[in-house]
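To keep things simple, chains are lettered A, B, C and D as they appear, and every chain counts its residues starting from 1.
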Amino acid sequence: MPKVTPQQIENLLREYQLDHDGHITIEALGNKSARARFRVGKQHLRPGDTVSGPTLMALADVAMYAALLGEIGLVPLAVTSSLNINFLRKPAQKDVIGEAKLLKVGKRLAVGEITLFSDGDPEPVAHVTCTYSIPPR
Amino acid sequence: MPKVTPQQIENLLREYQLDHDGHITIEALGNKSARARFRVGKQHLRPGDTVSGPTLMALADVAMYAALLGEIGLVPLAVTSSLNINFLRKPAQKDVIGEAKLLKVGKRLAVGEITLFSDGDPEPVAHVTCTYSIPPR
Amino acid sequence: MPKVTPQQIENLLREYQLDHDGHITIEALGNKSARARFRVGKQHLRPGDTVSGPTLMALADVAMYAALLGEIGLVPLAVTSSLNINFLRKPAQKDVIGEAKLLKVGKRLAVGEITLFSDGDPEPVAHVTCTYSIPPR
Amino acid sequence: MPKVTPQQIENLLREYQLDHDGHITIEALGNKSARARFRVGKQHLRPGDTVSGPTLMALADVAMYAALLGEIGLVPLAVTSSLNINFLRKPAQKDVIGEAKLLKVGKRLAVGEITLFSDGDPEPVAHVTCTYSIPPR
């Protein structure tokens, strides 16, 4: 069971200005997992009507953060220590969905993977692995 | 349906000296996926009876290669262009299993992820993403 | 000698909406290298007056792209295929400088590394490796 | 000034079976840097007389470890937490040299980059970034 609700995470994201002006929402929290959505606007597109790389990276980071907070509770000082992204397919001009799964939650480090999809398309547009540093509690 | 059999891949691995003297075997090929095993011997251990990092990386690379050959056929000149590994838990003194899944197979690049397990343990010991460069056909 | 000028690259960045509304500028092009600046505004900060992760990633990507265009000329269709970032220190509330160096420019793939600094501080705030896929010419 | 000598590091590598049966030696320690050599034998080659990927990864890991021990002293329990490698050029049938440089040494994490060369060739064969987890002291 996640220790927090999607709403609590969204509140924290807003407070920490990590929600991209309300464009990122948390759709679901599961067992060591989370699903986040980036509501794509014109400002997130690039020529060819594709979604920008920084938009994808921001969504992946937040989806991972949500999964982590669901597991350890509202620990605002956890920070990303590394992020690795493979761009797989050109995203459509649609919302992007990030499915995060925690691979390890240690005392000091958490590692997860995030798969990104154009809304409604089963083929991933990008795959991310991400490491968070967890402050001493 | 994979285009080749595990046996054909093992033959190619042996010819190209990628099977670590017979310690790596291909257990299964699926739809854009493969499972490989590293039969761990004393020479692959480190103090604390854990499996060495290069052993894990070698297995991940071969598992990904097997999944790729299952998808595109026996293309011996495909080469690893990048590999990213996160070490998650100390492996036990057991065989290591690599489960590879292809995320993208393009004309020139293939990307996959490989999760590594100590035989019989559901928690992963490492997670790898890997890119292969595919020669023009 | 770079094949293009910083001004030509900035024009292309603007056309392709990669200049973050004029916040990214190209300060120098060298032998397989480039220096880019992110003029940080309030919208790029996070609580604690630090620069956001997506801002750092965007700068790294553009610095690498500039170095690549300096080497191969104005090839607008080159696209990022992977990016790996390690966050090293909390950036100050200052402009961020990205120093890109190409490690390889092949026919199909280019690889580079980018070190990011808070303007005026010699200790890096982040380090990035980045791969570009180059279209057939 | 490094806190230890190359000989002390080689002794520790041998004790922890990280020296690949004496094939890895530490040639120099500098300010947050180290140079290591892999004396390549037949068993490290692949068809085409190139050096195997796991050999390159093992050298990079040890070069980084040597640079770290030079900075923090003989801390045997530091462990690799992640490693990212880009293969750049086919290595020649020669020794491989690893030049490691620390990017950050924090209390809990160290990050470095390692550039690998075929002995005598100025163009790198691979580039690695690597993270070590440092135990509480």
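Some notes on this structure:
Operating definition for what follows: a contact is a pair of C-beta atoms (placed from the backbone, for glycine too) under 8 Å apart; a residue touches a chain by one contact, two chains touch by 3 or more.
This structure is a prediction, so every number in the text was calculated from the model and none was measured.
Interface comparison, B-C versus A-B: the pair with the greater number of contacting C-beta pairs is A-B.
Interface repeat of A-C: among A-D, B-D or C-D, the matching pair is B-D, sharing over half of the residue-numbered contact pairs. Centroids of subunit B and subunit D (each the mean of its C-alpha atoms) stand 23 Å apart. If each chain is reduced to the centroid of its CA atoms, subunit B and subunit C end up 33 Å from each other. A straight line joining the Cα centres of subunit A and subunit B is 28 Å long.
For subunit C, the set of residues touching two or more other chains reads 81-82, 84, 86, 131. The residues of subunit D lying in touch with subunit C in their complex are 84, 86, 88-89, 103-104, 111, 113, 115, 124, 127, 129, 131.
Residues of subunit B that touch subunit D in their complex: 15-18, 45-47, 52-55, 57-58, 61, 79-87.
Contact residues on subunit B toward subunit C in their complex (touch as defined above): 81-82, 84, 108-109, 131, 133.
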